[in-house]
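Below you'll find a set of structures to go through.
What follows is chain A paired twice: with chain B in the first complex and chain C in the second.
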Partner chain A sequence: MSQLGKDPQHNTFSLWQMTSLITSTLIGVGVLTLPRTTTEKMFEAGWMAPILGSVLTFFAIWLIAVLSRRFPGLTFIQYSRIVWGGHEQSRLGFWLSLPWIMMFLIALFVTTAITSRIFGEVVVTAVLMDTPLEVIIVSMFVLAVILCLHEIDTLARVNEILFPLILFPILFIALASFQKAEWNNILPLIRVPWETIITGAFETNFSFQGYEIMLIFFAFAHENTGKVKAGFYGIGISVFVYTLIVLAGIVVFGHEELQRVTWPTLELVKSTQVPGLILERLESAFLAVWVAAVFTTVANGYYAVIYGLRQLLKKGMLFQRIASIVLIFPLFFVAIGPQNIVELFKMTSLIGYTTVWISVVSPLIHWLIMLYRDRGRKREKGSDAHG
Partner chain B sequence: MGKAWASLCCLLLFMTLLTGCWDRRELEERTSVIALGIDLVEGRQNLYKLTVQIPIPIKIAGSSGQGGGGNKDAVKIMSVTGKTVTDAVNNLQQRLNQRIFLGHTRVLAISEDVARRGMDDIIDSFRRDPQIRRLMWPVVVQGRAADLLEMKPGLIQIPVVFLMDLIENGTKMGTIPDQTMGEYLIQTSNETLQPMLNYVQAYKDDVKWKGVAVFRDQKMVGSLNDIHTWALLQLRDEKRGGDVIVPLPGKGGGYISFRPHFVRTKLEMKGSHATGQDNHSGHGVAYLCEIQGDIIEMTKNVEGSPEEVIVMLQKLIKKEMEKRARKMLDILQKQYNSDILKLGLAMRGHHYADYWRKHDWFKDFKQFPIEVKYTIKLRRLGMEMH
Partner chain C sequence: MFNGRFTCSIRMKRRVFYPFLGTLTTSDGTGGRALSQFWKAWEKRKASLRNAALTQHANKSMESVPDTILSSSLEENLALLEKQLGKSDDLVVRRFTVKNGTEAALLFIDGMVDRGVVSEYIIRFMASTSVTYEKPAVNELESTDRLRQAIRNILSGNAVLVLDGQNKVFLNNTRGWDRRGVEEPKTESVVRGPRDGFAETLCVNSALIRSRLKDPNLRLKHFVVGQRTQTDIYVTYIEGIAHQPIVQEICRRVENINIDAILESGYIEQLIQDTRWSPFPQIQNTERPDKVVANLLEGKVAILVDGTPFALIAPAVFSQFYQSPEDYYERFYIATFIRMIRGVSMIIALLMPSLYIAFSSFHPEMIPSRLVIAMAAGRSTVPFPSVMEALIMETAIEILREASVRLPGPIGPTIGIVGALVVGEAAVSAGLVSPIMVIIVALTTIGSFATPSYSAAIAIRMLRFPLMLLAGMFGLYGIMLFIIIILIHLSSLKSFGVPYLTPISPINLVAMRDMVIRMPFRWLTRRPTMFHPQDEIRKGGEKS
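Let's turn to the complex of A and B:
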């Protein structure tokens, strides 16, 4: 805290805040369908998918952290033009970096919209059957806009507070459902060829989308916190939760049944009996708490888009506030775009492929160019930010 | 000025408390169906008859004050027909003032005729409807399903709760299989499993659990009686099952009753992973079941030293239980050809490459070698010494 930048809210994210930022962004609507999507190709071995798929994610978050360490205090929007053009040719750098930045912002924008749409679908099918989908989506957006009206440290604190609320219900459900486990369901351990496992694991990587917001938020890390460490913690917790929930789904339902249910995790909640029977029909309670998890995903993504735009255009807080309200309209239309649930899931996997571009390929290219052109501040010897 | 704004804001804030849920629906604004019964309509093969049991809240709440009496009217029973379950529910809706709510449905009674004809037609709507609990109890009723809903047990105001308690307590005691809707759905979608459901018979004023109805491909093929179901529970779920009553040998007659307490079952699989000819290539399984329990009744004293008597009794009980299990397996294999033992799941899990891929379990189960071996450990003799 001794370090004070020119902007007071900069350099304030603690390790824990960054970890919760990553984890709560990752854990969103994906968890509700994860047991189905992972077992689609890998059958009984579906629980390995999050573990294997995370390898690429760990690599990507490492890349993002390394890039951010090279340009301390700068976001992807700011350092991308330095990477491409250096300090001398900033105009060239701007134009060269623009496609990457726009790709990042648009993908994040669409992801945010689709996330809120999926959440709306779950709520409409499972609890509030007569509520129009639009109302649920818009109320989620309004919450996101309210967050966007504030500075970036508010975002970090909100995530920190909501973090346990996201983690505990899902852990509780996974652990409570193990009492109905039929362990023969995960055997034979591997029956599909290795290529299938690799593709399956690669596709699971899509459910790790969202950590690319760290391209922006790593810039606000406190000087002494290890960004790589925060990234690894954040992804690690998500991998743990994902693996647990997929494992629970497989041992309770078996992979065949998982293929037949639209929201496997919700069905898991429905077939879990709480000892003592205080709450019957647990799924409503679960979804009520689940709002927090989806909110952090949607709001963090939306905030990153708005903040990225603000930095791209070099505007201030007022712009951020106006933009957050104005952009809600296109966001809404993207969200209600897909006609039915089949189209929606198709779109989700499509977004998954773009995410690989945003969060792996783009940082990789930036990193390579940075090394080639020798840009940015090099790490001083010995003072490794690994912490 | 600031104060005015502050109070205005407070007022606006209070307005948020006045809002409600969008599709809020009070308890009395909907008709909660507690049980559904599905029958075939006599003479009309393409129609289903749906019977529902609807509790009347005011009767239930009032009766405790009135001190019982007249509790026969605590529920309303209605019947409608329809081409599908949803069609029937819609027809029912036209006869009800409030909206039907299936979220509290606890029992789905299916008549044996419907079960024998095949469940695939009726089960889909239960799979799709988000209100339906996966923890509800589907049961197959001998005779008409409507009879089950119309029974009047007297002990409890809502008749179906009587059945529900009966099943729930049975599953807690380990004498009735824990066969919920969710389990049934899993068993129908899993290629290795065959479904089963609890099988009950309805009388005028009570209901009897009779065992399980065995299915093959969503079609009921027969049933197991209570004794065979207990053997199945011991082998499949390590549940204790009911008391075993064995006649004593010799001319004196008399019976002993054995109550199992702890069951440990080990499934021993034979057959190498390497070989893979036709036939069973040495594959086979043995259930090794160890039961600890007490003697709770002996109508005639057995002569001999206590040590000898214990050994003798253990042998006697073991023989009887192996006989029952053997019979149960024979019925399942020879008669019904339906694997409700979860044996296919174990075979797929442990012998995938060498057995499962080369054999069609659906056909091969019939002659698959299964052995059963019980080990009885008598622990206590109750409060009496001999």
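Let's turn to the complex of A and C:
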């Protein structure tokens, strides 16, 4: 808080940068399994899952943006203690906010590790059969560390420049695969009970995980007003991409077949043939381009963890650099923790449930307390509280 | 030394511990205070050592000349001057008697002065009684009583006139050594556009800019850099367009240069650039006055250096290394098309060999089946893996290129024919490399020639070697890893506060109009905002 005025990186993220930050963090390995996970419970209606599931996500990003708007220039790490302890009792606030902050950082840390592990599995099974899984994971971490060595405005610019590289391949695949579409596959539109649709939509919310990094990065917004807008744009683009890819999966394969493939999106890529293109099979090229998407997910998460630690301990850039190198060792062990792909998917859904706590419940509690405090202060002073 | 540091760090650890507990109980203090103190002490020691070395160094150069006041005796002054210049044999001391009977001496360095001016307008004017004018008739005449300034003027080609009985000496501008004229630039030739390029003389170069830009707001700031070479440089900008903080930052960095010699503008470029550890040029260089003027009008700052035809332009962004002044002289369709061609050629130059390696050794399924059969047939006799094949060929072509650059003009093409045609053809028929590889190497080389900026092309040429190695290790995955690393690096670069990738990220829609697509002039009404020009309007008053 004290170093805020001196911080040169303050107020650097433009609206477009925040949008691309959110979208590129969201779009990651989740897309590779999304057609299967959504159709598991909802069958033909799987393509509605991203749209329905996004309602909760939109609410969460709105909460996060509102919290950040209330404390302009402060990250979750910094404003959490103000929320809990007020400006007067900062020590009490620190201890009360610590569990929330640690929960946030640890969950993000584990998510990052698991994301890179899933991507490693994909790469090893699909393209680089002879390469050890660990090498792929470590190479992903090395990229994340390289990003962490730089200042926070570099992070925004990297996301901005990789954004089209993430968006276009997936849109291309989705649109190109419509050539083989059997549109009857999405009929009947709804044949499952409403409860199933709601649970299915809730579980789809897991594939939107990653936007909780905005608890940190909204603090660097260029304008205080654009946060909600940026959040909605970012989530909106992801919802569009997700819906399109699930729809493509359902109309090409049908929901029964989707249950039998591990990486349905990859199968979609394999079956896609574009006349006139020089390349015959696209999955290697797709996975290569997909490195960018996974990189943004992993590196943004890792950067948020490192930056959060840096702010928690009130250290400088040197700490960030050293910590980013040191912390890849625990990160690596978390990543190779799950023994096989079944355990890995179990862990993913476990993380999904935890993330709801981090990204919905925790901001909600903070917001409610903040409302309570603001109202108390308003009653005391009799004047209007800003925010 | 080491021992002292070690004990210090132990003590520091202990000290950190208690204040840290203290911070928890009292207020928000920084935990690593002792550590930062240690760092500060260390930095201070380094700075003081560096300063000591610098002052010692400075004594050896121009500052070694004592800045004393000259005496009024001719003999004393001559002895003083000759002592400083160490009786150098190219120092000419011409003694003569002025028309009123005073003894005089003219000092200059042989070869650096215009002899006609010296004999006709200084000696004859001063000596002959038929001329009534008292002083030398040269276009610039100053006087000084300082020894250092006199020495400096002698060394920069002026003639110094010492008169007996006066402690002031006259500094005559007689500079006139043989210089190369204004010729067509060799490195940046254009099909359409002005043919004059910068020369090695600073005043000629600044005049070339002035003649194109008759703006009274054009400012040239003079600096002298290099203790021993005493090189003159001009920092040039247009007041009212250029962003003042950028100008001040450039002036500050130029003033802080501490080096004994500046032989080319490349010295200055490397000394004032933001990131030293980058293969990418962060300051543009050019031989073309029209390019400098165009950039000045965009709000950038040019640095002209005496002794080299290459001017520097700062700040620079990545996209401008792929632009040529010709883009503005042709119609915008053509300019846009050519810019796209350049972009494609950059991608070819960077990626082609590594894509070949990745496809042939990791992803043969991606190549169309007929081509893969042809490639396999071509490669059947090749004894090496494709990484080695590509590395050998690329190294060979780099050697060939370096050899042909160094060779005198007429032999250059011969090397090209012998190297590329004869050796390439023979290598294929001997079964050392596959025919596809030869095509790829040729395409790569041609692609790297299509870049207008030589220094940007070198960076791309260099980066393709690690890229090939990574492609040999991880295939397309490795290529993508390296591209991401390059993008992170490019995103982190800044040239004088302007992000290097500017029109793309952070996105700048005004500047985008003149990036890949060169919009017609009708729409280029504003200067690119990334250089924060004070006067944004380039062309106003058009009613639509």
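In this text, the second predicted complex is superposed on the first by the 366 of 387 C-alpha atoms of A that agree within 3 Å, B and C clash if a C-alpha of one lies under 4 Å from a C-alpha of the other, contacts with A are read in each partner's own complex, and residues count from 1 in each chain.
Keep in mind that, in the parts below, a contact is a pair of C-beta atoms (placed from the backbone, for glycine too) under 8 Å apart; a residue touches a chain by one contact, two chains touch by 3 or more.
Everything numeric in this text was worked out from a predicted model, so none of it was measured.
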item	value
Which of chain B and chain C A:L128 touches, first, second, both or neither	both
Partner chain(s) touched by A:A288 [first = chain B, second = chain C, both, neither]	second
Which of chain B and chain C A:K270 touches, first, second, both or neither	first
Partner chain in contact with A:E256 - chain B first, chain C second, else both or neither	first
Contacts of A:L162 with chain B and chain C, given as first, second, both or neither	second
First (chain B), second (chain C), both or neither touched by A:S90	second
Contacts of A:Q17 with chain B and chain C, given as first, second, both or neither	second
Chain B versus chain C as contact partner of A:L143, first or second or both or neither	second
Comparison of chain B and chain C by chain A residues contacted	C
Contacts of A:E182 with chain B and chain C, given as first, second, both or neither	first
Those residues of chain A which chain B touches in one complex and chain C touches in the other	128, 131, 281
Partner chain A, residues of chain B touching it in the complex	21-23, 103, 127, 130, 133-135, 180, 182, 185-186, 189-191, 342, 345-346, 348-350, 352-353
In the complex with chain C, residue positions of chain A that touch it	1-2, 14, 16-17, 90-91, 123, 127-128, 131, 136, 139, 143, 146-147, 150-151, 153-154, 156-158, 160-162, 278-282, 284-285, 287-289, 291-292, 295, 313-315
Footprint of chain B on chain A - complex, ascending	125-126, 128-132, 135, 182, 184-188, 191, 253-254, 256-257, 259-260, 267, 270-271, 273, 281
Touch list for chain C against partner chain A, complex	24, 28, 30-32, 362-363, 365-369, 474-477, 479-481, 484-485, 487-488, 490-492, 499, 501, 504-507
